[in-house]
Every structure is written in C-alpha cells, then in structure tokens.
Amino acid sequence: MSTATATARDSARLRERYTAVRRATERLAQPLSAEDCQLQSMPDASPVKWHLAHTTWFFETFILARESGYRPVDQQFSFLFNSYYEAVGARYPRPQRGIISRPNLDEVRRYRRGVDESIDRLLRSSGRLAEIEPLLTLGLHHEQQHQELILTDIQHALSLNPLRPEYHDHQGRPAAVCASSNTHPVSRAGHEWLDFPAGLRWIGHDGDGFAFDNEGPRHRVWLEGYSLAARLVTCGEFLDFMADGGYSRPEFWLSDGWATCQARGWAAPLYWEQDDTGGWRRFSLFGMKSVDPAEPICHLSYYEADAFARWASARLPTEAEWEAAAIEVPIAGGPEEPPLCPQPVTSTSPGLRQLDRDVWQWTASPYTAYPGFTPSAGALGEYNGKFMCNQMVLRGGSCATPRSHVRRTYRNFFPPEARWQFSGLRLVRDR
Amino acid sequence: MSTATATARDSARLRERYTAVRRATERLAQPLSAEDCQLQSMPDASPVKWHLAHTTWFFETFILARESGYRPVDQQFSFLFNSYYEAVGARYPRPQRGIISRPNLDEVRRYRRGVDESIDRLLRSSGRLAEIEPLLTLGLHHEQQHQELILTDIQHALSLNPLRPEYHDHQGRPAAVCASSNTHPVSRAGHEWLDFPAGLRWIGHDGDGFAFDNEGPRHRVWLEGYSLAARLVTCGEFLDFMADGGYSRPEFWLSDGWATCQARGWAAPLYWEQDDTGGWRRFSLFGMKSVDPAEPICHLSYYEADAFARWASARLPTEAEWEAAAIEVPIAGGPEEPPLCPQPVTSTSPGLRQLDRDVWQWTASPYTAYPGFTPSAGALGEYNGKFMCNQMVLRGGSCATPRSHVRRTYRNFFPPEARWQFSGLRLVRDR
Amino acid sequence: MSTATATARDSARLRERYTAVRRATERLAQPLSAEDCQLQSMPDASPVKWHLAHTTWFFETFILARESGYRPVDQQFSFLFNSYYEAVGARYPRPQRGIISRPNLDEVRRYRRGVDESIDRLLRSSGRLAEIEPLLTLGLHHEQQHQELILTDIQHALSLNPLRPEYHDHQGRPAAVCASSNTHPVSRAGHEWLDFPAGLRWIGHDGDGFAFDNEGPRHRVWLEGYSLAARLVTCGEFLDFMADGGYSRPEFWLSDGWATCQARGWAAPLYWEQDDTGGWRRFSLFGMKSVDPAEPICHLSYYEADAFARWASARLPTEAEWEAAAIEVPIAGGPEEPPLCPQPVTSTSPGLRQLDRDVWQWTASPYTAYPGFTPSAGALGEYNGKFMCNQMVLRGGSCATPRSHVRRTYRNFFPPEARWQFSGLRLVRDR
Amino acid sequence: MSTATATARDSARLRERYTAVRRATERLAQPLSAEDCQLQSMPDASPVKWHLAHTTWFFETFILARESGYRPVDQQFSFLFNSYYEAVGARYPRPQRGIISRPNLDEVRRYRRGVDESIDRLLRSSGRLAEIEPLLTLGLHHEQQHQELILTDIQHALSLNPLRPEYHDHQGRPAAVCASSNTHPVSRAGHEWLDFPAGLRWIGHDGDGFAFDNEGPRHRVWLEGYSLAARLVTCGEFLDFMADGGYSRPEFWLSDGWATCQARGWAAPLYWEQDDTGGWRRFSLFGMKSVDPAEPICHLSYYEADAFARWASARLPTEAEWEAAAIEVPIAGGPEEPPLCPQPVTSTSPGLRQLDRDVWQWTASPYTAYPGFTPSAGALGEYNGKFMCNQMVLRGGSCATPRSHVRRTYRNFFPPEARWQFSGLRLVRDR
C-alpha cells in the first residue's frame, strides 16, 4: 500500500471520527431553545452554548491557530471561550458565562461550522497528519467530556424552573425509557462480595490507545486484601439509610461533610422531592419521576456516599482497588449514545456488574498525581494536573457518558460536595 | 349623544391607548435576540422577557382574572411573573428570574397576544368600562415604568459583555443620534441660579388626571428661600470634580457613601472607562462613545450626586423645592418615543431647563409617605407604599421615559447606591 | 465680682461637671471584668474598653492636642481610638476593635487618668476657658452618648453567652429593680389620644444651652392635625400583635422590613425567648426575666415598630409631630444615674407620659438635615452630618440615658434594622 | 517487687508526667493578659483561655466523668468547652468562642486546678490505673497539641494589632533568641540530595509507645526511587522565588492555589511586611524582625509550598517518602520547651537535617485513612478520622512543638490554605 493511500485512509478515518463526535454534541443541544442554551445555574455549571463554543475553541486554538495563514472566525472568541488555560491568555470569569448573550446560539453554530470546515480542509490536505492526530484525538475526548457536562448542567438549570420542564419535551423521546420499573425486585438480600487478595498490583494506563495524561504513568501499588460489592448501591438501600436517620446522625459523616449537610439543609439526594404522601420523586432529564428502589442511587456528593458506606459498615474503594478489580471486566457494549438514566440491575451473571453505564462511583482516593507524573508541555499541561487538590476521584462511567469515552483507567474527579453529576457508589470491605 | 355612543367612544379611546403602550413595549424588545431577553445581570435588574411577561400578568391578574369565566393563559404564569405583590400569592425569587428559560420568548409573546385579545374583547363588550378604566390606566402606567426598566436593565446586561455590544445593532438606528457633540460649548461660567422665596407651598398631585397613589395627598409644606440651578450638572463639571480628587476625599461624602465608594472601588460614574490616553469613554445603549463635556452627567448614585454637590458648595434640592419650582414649567414636547441619550443643553431660553427629558434628578428627600397618605386597598396598595424606606426620591424624567409618562408630581425612587438608572443631578443653594 | 473670681468659679464648675461625667462612665464599667470589657459581639457594637478609651481620645484630640507643649499619652492611641473622624487620620477598622487586647484595661484606665489630670490642669490654669468650654461640653455630651452605648453593647455581648450572665452580678444591685410587676394592670382599654391641631410650628433647638449641631437651625414646619398616644406601646399589646400573626403576615410590613424579618428569622423582639410552657422571657442587664405585659415594649427595630403601628391601624409620629407635642412637657426628674430597665406606666396624670425615661421612640422620619443646616467646621463637623442617610430618627430618651443628657430637641438615629438599643414606640393617628 | 509498689511507682510516674505537661501549658499563658487570652482572631483559631479550658474539659469528660461520684466543676463547661465531639453533646459554635467572657481567666484557672486535684486524687487512689493510663496519656498528647495551637493562635491575634506587640514582652526572654543571623551563609550552592531506592516499605506506627490512631495500622507501600533534600527550603530561596515572579505566574500554581492567591492578595508568606527600602520583615512571637535568608521559610500554605517546589523543578515528598527516609534518623535532642523560632541550619553533618525542630513540612499527601484504619470507639473515635478530607499531611515537628511530642510517624494535617502554623517545606525529586 502506498504511503499516499495510507494517508488518505488515515485522513478519512479521522474525518469520520471528528464528524461523529461533533454531530453527537449538536444532537444533545437539539431539544433546547436559545434561552435554554443561555442558562448558567451556578458557577460550577456552564451554559450549553458555552460548551458548544468552548469545544470548538479547543480545535481552533490548539490545531488551527498553529497553521500558517489561518484566520480565526472571530478574534474575541479566544477570550470568551477559553475555560482555564492561563497560558493561552486572559479568560472570562467563569461565574459570568451566563451573561454572554452575544454571540448568540445561531452565531455559535456558525462558529462550529466554520471550524469544522477548516478542520476538514486541514485533514484532507495536510502532510502532517501524524502530528495533528494526537491533538485532534485529545480534542474529541475533550468534547466528549463536555457532552456529559451539557447534560448535567442543563439538568441542573431546568431543575430550578418551578415548571420542572423536561429536557426531552421538544424531541419526543418517550419518558418511558426512564420510567420507574417496580417490577425489578430489589435484592434486599444484600450485596454479593467479590474477593481480591493482597499483593502488588500494576495500575494506570499502559499506553495502548488514547488516555489522558493523568492516567499514567503505569505503576505498582501494594493492596491489602479486599471484598468488592458486585453491584451498585440502590435507591432502596439509600431510602433505608434515610429512614435510619442518615441525614441527622453526625456519627456517619466526615466533619466537613456534616458541616456541609447542615449548612445546605441536605435531607435527601439532589433533585429528590417528597410528595404529600411521603413518597419520593426525583427530577431527571425526563422531568419528575418516581424514585425506583431498584435503580442505582445517583446525584450524591462524596460526603453522602462516604456517610452511607459508614452506615453500611463498609467503606468506599480506593481507585486502585476499583481499577485492579475492574480491569479484567470488558466494558459494557451498547449504542454509542448514552441512555441518560441509570438502569436497575437485572443481570444475574457472576462477577462485577454496573461498572460503567449507570453512575460514576465515588472512590476514597483524593485526586493526586501518580508517581512520576509529568503534565504535557504548554497549555495542554493545564488539562489535568493543576486540579490535583481538593477533589475526589470517581471511577467507571455513567448513563451520560458516550460509550467510546469509557476506559477502565479513566480518572474522573469532582469536589467532595458536588452532587449534580451522575454520581453514586459501590461498597468495599476489608477481607 | 347617547350613552351607547359615549361608551363606544370611551372603549375606542381606551383600546387605542392600550394598543399604543403595548406596541411601544414590544418595539423596545425588537432589536434583542432571545438570548438577550433572557439576561439578568444583577438581582436589581430583570430579564427583558420577564418585563414583557410581568406587565402582561398585571392586566391578567388585576383585570381579566376578576371577570367571570376568564381562563388564564397558563396557571403557572401567575407564580412566575408576580413581582412583589405578596397579597397575590407566592412569588419566584427575584435574583433567579434569569434562570427561567421556559416559557421562552416566543411563548411569552403568545402570552402577550392572548391577554391583549382578551382585553380587547373586554373593552369592546363590557358594561363596566368606568370600573375597568382606572385599573387599565394604572396597568399602562405600570407598563411604561417597565419600558424604562427594559432599557436600563438591558444596558447593564450588555455592559458586562466584553464585546460591548450595542443595543441598537440589529435595528439600524444611527449611533450618531447619541454621538459626542463637542461643538456645544460647555458653559464654564457656571450655573444660572433662579430664586424662590420662603413661604407655604402646596405640593402633590391635585387629582386631575392619572397619578400614582404616592403623589398625594396634596398638602402644604413650608419652604425657606432657595436658588435653583437653571440647568443640570454636566459631564464637564463632573470631570472637574474627579480631577479635584472627588472620589478620594472623604470630606465630600456621606459616611455610607464613602464606605460604598471604597468597597466597590468607584472612581468614575457607572459605565465610564478610561482609554490609554487618559480620555474617558462611556458605555451607552449605542455602544461605547466619548464622554461629551456638555452632556448632562448620568448614571450617578445618590452618594455621588450628594458628594458632587458638597464639593460644589451647593446641595441637592428637596423634592418639595424641586416640585414647587418646576410645577409652573410646561413639560417638554417631542415624540412619545424617548431618545435614549441625554442631550447637551442648547437652549438659552430663560427659566428652568432640562427638567424631564435627559436624566432623573436625585433629590435630598428620602422616599416617605405624604401626610395623610393611604395606600390603595388590596394588592394594588403594595404598588408604592411598602417601599417607603431606604430609598431616595428622584424627580423629573429621563431620556428613557416615554413622553406621556412624565408628570411634575411624579416621585421616582431608588436606593442611594443605585447607578444603573438614567440618574444625574441639579444643584440648589440656600438664599 | 472680679473677672478672676468669675473665671475661678467657671473653672470649678467645669471641673466638677467634667469629673461627674467621667466618674459615671467608670462606674458603668465597674461590674465588668477585663474580659467583659474586651468583647465586641458585632460590627455595630464596640468593646467597653474601646468606649472608655475613645471618649478619652476625644478630649485629648480636640482639646489637649491643641495646647502647645502637650505630649500625648501614647502616639498610637490616636490611631487605635479614633472612631470615624476621617479628617483626623486613618482609623482602625470598626469590626476589628475586639482584637485590640493591648493596651489592656488597666492601661486604658491609666490613659483616662492621664488625660483627666491634663484636663484638670488646663482648666485650672488656662486663660482661654471661654474657648475651651464649648469643646469640653461637647466632649461630655459625647461621653454620655457612649455611656448609653456601653450598656447596650455589653447587654448584646453577654446575651450571646449561653450562661446568660447578668451585667450586675458583680455589683450587687438587686435584680428586683427590674422585676416583673404583674400588679400593674395593663390597660386593655387602649390608648388615650391627645389632639394637636394643624398649623405652622417651630421645630429645633433655640440656641439656649447645649445642643448638637443636628438639632438646628430652628425652623418652621407645617403640620396637619394629629392625635398622639399619651403612653408607650406595652409588651402586652405587642404580644397581641404576635398572637395575631404579626411576624408572619407581610401586609403589615415595609418591603425591606419583611425581607429582613424573613432573612433573620425574627419572630419576637430581640432578647426574647420562649420557655417550654410558651411563656416569654427576655434577656436584660439583670439577666433573664419574665416579660411584663405592662412594661413598655423594647428592643424593636424600626421595621417592627412600623409593622406594629400598621397592625394597630395607626402610624409612627414624625419627629416634628413628636417634638411639637413634647416640647411643652417638662423632662422627667429623678436621679442622674439611669435605671437600666423600662418601667411600667403607673401615672394617671393627664397629658403625655413616658417621654424620656423608658425607651427611645422610633419616628417615621428619616434622619436628614434641617433646612439651612451647616455642619461644624473641621473634624467635629463629622459628628452628625455625614450620617444623614439610611437612618431613622428616634426621640425621647431611655432607661439607659443619663438624666442630664435628655433634651426635647434631641435627635437620636439608628438604621431601621437596629434592635439592640432601648427602642420602642408611641402611636399617632391622623385627626 | 510487690504489685502495690509497682502501682505506686506507676502512679507517681503518671502524676509527674501529668503535672509536667499541665504546668507547661500554664507557662505558655503566663506572659499574656486576661484580654490577650480572650482573643479569637479568626474561626480557625481559638482564644488561649479556651485552650486552657478545653484541654481540662478533656480530662474531666473522658476520665473523671466516668468515675462514680464525680461532681463536675460546672455543668455548663461541658457545653462551652467541647470542641468537636458530636457524640458528647451540643457544642458552642467555634467562630464565637471569643465572645465567652465568663467564665473569665481566673475562673478557668480555678477550673484547671479543680480538675488537676481530682486527677491527682484519682491517680493516687484508683485501682484501675491500667485502664486510666491510656486515656490520660491521650489527654496529655492532646494537651501538647493545644500547646502548639496556643502559640500559633496568639501570634495570629497579636499580628492584627497595629502596635505589633510581642508575645514575650511581659516575660523578658531576650528577642535576640530569634534575632537575624546574617552570619550564617546561605548555601546558594543548592541542596544536597539523598537517594532512596525503589521498593516495598513499611509505614506507620509499630505499636511501641503512644501514637494517635491515625498513625496506624502499619502497612506496606511501594515507593519508586527518590532523592530527598537534606535540609529545609530557606527564606533566601523563597526570596528568589518571589523575585522571579513566583506570586504572579500561574504556571507554578495549582488551580485552587492560584484562585486563593488572587482572592486574598497573597504576595509574600504570612506575617511578612515590606519596609520603605524594599527590605522584608516578619511578625513573630518576638515582634517584628528582619527576614533572615538562612532561616527555614515558614508560615506557608500548602499552595505556596507546592508552587515553590514546581518553580524549583522539584516536588513535595509524599508522607510515605518522608517517613521512610526519616525513620532512621534520631529525633533531635534539646530542652522540652520549644524555642519558638525556626533556626538557620548550621550543621554540616551528613544525612537528613532539620527534621523536627524548625517547621512542619507540607507533604504531597492528602490526609486519608491508612489501609485497615479503624477509629477508636465512642467519642474518642472523632479525634482524627472524621477530618480525613480536604486536608494535607505535614510531617516532622516545629519550633513550637514540645520535644516529647515529636514522632516520626506523626501525621499533622491542615487545610491547604492554612498559613498560620509553623509550616514550611523540604524538596524531593524523582531519581
């Protein structure tokens, strides 16, 4: 095969992949109005319009702007849509992203198309595909991260509207997809525990295929023996915790967790509301729905997950324990497009279940550098390393994660008080 | 003339007036995108969409809902678009108005049309026009107040966008309307002072034509002799104050004013920016423009107006002094639609000038009840009376006030730290 | 009589007066420990030690420092103990006064003695008594103001101690002085109303004897006819307001008042606590005591006083109405030293009662300049004028006011949300 | 030896140890006035008086209250002086400890004496010494922790007094103890690096002698090879960092660190002030002194330590790296009473220096549970475990740590923004 042919094939593959990810993002915004896309409900969240623009800015800044002769769509966008890359220049204050009405949604969509066309041209013509591919791939994984954030951020924004509108009301996907399923019997018999022996284990990405810099270097960790629950904690189990005074008994909580719980008046997971009869309903991307006891518990902070584990006479796994156990289990299959709702466990197959398609699982591990970690050079080095403080690692994947974005070595991270992600937990015990 | 004919004429007159005011509101929103109309830049301001809906809610709640058989456009709107009428039921927290993306702008426009059609039907058919007219008139004056707020609120929201966009960029009105006019010589010769003798004066609305409840009862006030400046204070004079250390010398300031000035880092009026050469520019509804020394100073807080007056060895007039002097001067003519920019004084006619078409004028009077004041009964009694604390009275009218909304007895009021209104000052001295 | 004799007599009189006021201040601090005198419970309040030092600083700065050859006790004290006189130099941030442990209480007492001795020497020897007397008199009235603040501030600080300690536990004054007196029948028959006709009245200090600058100039005010309650509102009446939902019905409240009430969770006057049986007790300078229905209501904000008046179908008097009515009533006699507790009304004498020895009375008047008001020159001009915004006038005097400090033209002022003063109300109605 | 004799010897030993620690605490408070001991300068700090009382409360609550017949000195003290033991009952809000003027300092001293006498009686008479000894020992180590906090808290409080008073001014210890020593040449030649090979290492307390629960269980950790600096980072090196823009270049900082640095305006370590000539001085327990370039840098937050390390092309050690290296080095000798100032390095002996007598050393390790960690039962289980979130581990010891309180396995911990401790750093590099 000639080099030219190989290059053409590489180019076609990259263009196809690029288009697939970019279109997936736009489909997420499709059910939303211009007003919806403008909302910023809290400093931690961003407007959907900003996500649409920022992911585009990433390709423009780190790929196109390095090409000679490239003329940016709009000089001001690099200021407006930078997120946290200090090395790239001043950035617009995060908590005020919601005040940027101009460019409007149509203009941002034009911005996307303009960059897409430039990328397409570049991929068709460049003689430096090998150089561009890693950056392009990073940009696509970056965009997939923002796909999940689009969903979590719009859910939070819509939840503040007293009308409790559905994300999907414009699109027509049946809410039944996420309907309560009381037919699934909740196993009150408790958890099945899988044993793992003490020993020296290798952890971290082995360099085969894409990974973020924080997933390496691969390194050894000594683990004591542990028993990991085969499935996630369910809403039913969490209701038991609540019924046992979980939110009012400080003995279950970390000190910071208890203070946060008291200060914010937490008495249930985020988005839960009690109706007049005492029953619980929760706000989801499909609007209000009954809490299904068989469903994995979701929208917990680390503090709540940790308190639940202590109440249950267990604990949260470290990320090494999680990875060492999960690494042998194949990633769940299914459509690329995420289901947007955690699903009750139905499988009775042996081994670890519900690893990556329902909720991210809080671990007991603060987010720190692996031994020997070196951030990427330049602005891209700001991607992960500088957040290594005051955050906890979550592992697995969720009902809002694109299938192709899941990796067993993936280290998601959020502050311990964050609740608006699709976050739940799995228990572990010392052997 | 038969009663039927008279009624038909009254009905036609009311419908015409109603339509004129309602259309004027919609013209104000016309240059704005759905995203623009969604913005809430601070708790004091509201989204344009909310103004469009709330003014409509007023007619629905206080007129239509009292008609038997009326079915509201949407039950939830009475919750979403109530502003501060506690007697009408729970209300949505003011600082979170910007998070209401649904109903969207199109739906709010449909809401307006629905209510307009109902009002039109009612005015054509009702046998109780005499009963409806006062409420309708109140609703229209209420809507005109919100017309001015639409302009001040969107100016504030757009000012936070680093692109400094113009309000009028979609509409095509020439920015030249508001352009600097250095050809107007600033009179450095100072102010012309008009003398008014001591004596007992009548103040307040005499009941002829519409007035808000807070403009009465008409009552006597003893005034000592005073000399009122014939014109407004200009930007040029305010630049002199700044050059003389106005923002850094506490001796000119009220204690609360100085603390506010320090805490917020005020060093110029709101919207002013200094360019590299030291020249001053200001953000306006027409974008950034040079400060025109001949133009009336605008976007001052009460604290700044008061400090300027003390620096100028003068003071601010009381509202009684202002009204007693202004009551004899006819209200300025001109088109109903406001010019959106204060204009430099050009007239050399004798007497008081610039009373009502440039900037509201801070007075030294806290906003309190006139002797014998009784609020209207029911929810409408909340319109004015309950704000009679911690606010200062402004008099006159501004470049954002519809012509037909101006009255010599009009009592505008804002907290002393508010700057985003079209607010300036006129000096007075003891005789 | 020779001039020398007259001067000697003046000097003796001044020294006697000076000593009396200064000793009275020290007696107030006598029951307090060094730790008590260090407390600052909120930014609005100051440590007793600071009051002891600041009143001394006043004499040092405005009298002694102007004498040639005077050497200050400590250069740093002029920085530490300046309160708000910007013209005298930088000042230590008010909210951090509680962190100044050094100089300690003993050193501040030495500071007082040092200044007292210098003042004594000056008064014995100076040939400029006529020049010094006005400043000295001002300083003594200033110190009397701080005597009342010592009491209100320490009451607030002690109230935060869960042990609810008494101010007087070290001194032995019987708590019975302030004991409940249920033998006083509360007149449920309501108020006696005294009528005053409409007319032009003179208001303000006439220049005979000492007055603060804000009490003048004397000027004319037109008053409509009004009926003023002969006595204060009682705790019993306020309990009726509470029982009628006073704290939960927005229709009685100003908008800012309602917001404050909600935000701070007010459900009773400051210092009130409900015991297990539903009875009310209140914290006082004598510790916890039962609420006496016959006692004047105390520790109200303006917002609560205003809401009560609206509930009672009455209103608060303006300060002009209050003064015009009270000016003819002699000031209550009795010992110079205040009783520290409001007393139930017992008198059945005709005319206005309880004007000046129980609680300050909130008026409907914002604190503003009288017509023609000019502040004193120099730093002393900062005494009153610069606070003329966002405050309401209280009239009369309280159970913490030294007898010789009471004047009918006295204008006390506090922000409308302030509750820690001895503040209550008297009703008025339009005739 | 008879059992009775052995018991008597144990009793004597315990009483001697108890008395030594308790007296050391009181000596720390000796130079302070009642007012000094009342100060609380920030929520993180506590009044010295509170430390004196709380350490006493610990013995009363966990030892004496369990003895039958014990009558507490004052029932209310268990409420006032509980710190964070939720299981023992409600506690007084930490940020308001400074408002508790009663009991006063003398009364707290009486409280100490009362408890000391009861403990003494108990130790002389109890047949359960073996049961009491662990609690007593824990209480003494707890008290030693508070000895260090007494010093750090009073330094912070005094630093806010514009007079910059010395802690030691009443005592007469010469400030020269802590004087600048420019005779010590700062080694600009850089650090000496000590190599440690990769391997599996045992970490944690081995159970021989006292340790806090968080120091165990002893467990294996895999460490990659590393090179640890033989000495601490100096003020001179930190001045180089500052001169190179350390506080203004985001590339050195963690994201949260940079945000904190910006928000609080950090431009130098805590307590540093620049004089008119550009020279740096720092506030210490001995008042203001010149910054000595040879002295270990102190009063850094984790963020600053981490930024310095990144600037220096190094990093902070993990706590396992620190412990594995330090475990073989004997603890520094010297007097039990700490010197209160970090000392310049003078030793030229080989091996690790300045491990435990100058400044605590920030590590890269978040404070988490060791594998298999189980908190103590009951309230004492709250001692350490519940703080295992949002804090970073510091290792070593400081110039404010009593000699007998130092352990190589000791895990000190503070939030990453804390600066008021005696905290500095030591560098490490990957081999």
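Letters A, B, C and D mark the chains in the order given here, with residues in each chain numbered from 1 onward.
We take it that contacts are C-beta pairs under 8 Å (C-beta built on N, C-alpha and C of every residue); 3 or more make two chains touch, one makes a residue touch a chain.
Just so it is clear, the structure is predicted and the values come from calculations on it, not from any experiment.
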For subunit A and subunit D, which third chains touch each of them? none
Please report the smallest number of touch steps linking subunit A to subunit C. 2
CA centroid of subunit B to CA centroid of subunit D, Å: 60
Distance between the centres, which are taken as Cα means, of subunit C and subunit B, whole angstrom: 39
Gap in Å, rounded to a whole number, between the CA centres of subunit B and subunit A: 47
Where subunit A touches two or more other chains, by residue: none
So in the complex, which bits of subunit D are touching subunit A? 84, 86-87, 200, 219-224, 250-251, 253-258, 302-303, 306, 364-366, 368-369, 371-372, 386-390, 416, 430
Residues of subunit B defined as touching subunit A within the complex: 33-39, 41, 49, 76, 79-80, 92, 96, 98-102, 104-105, 157-158, 160-163, 165
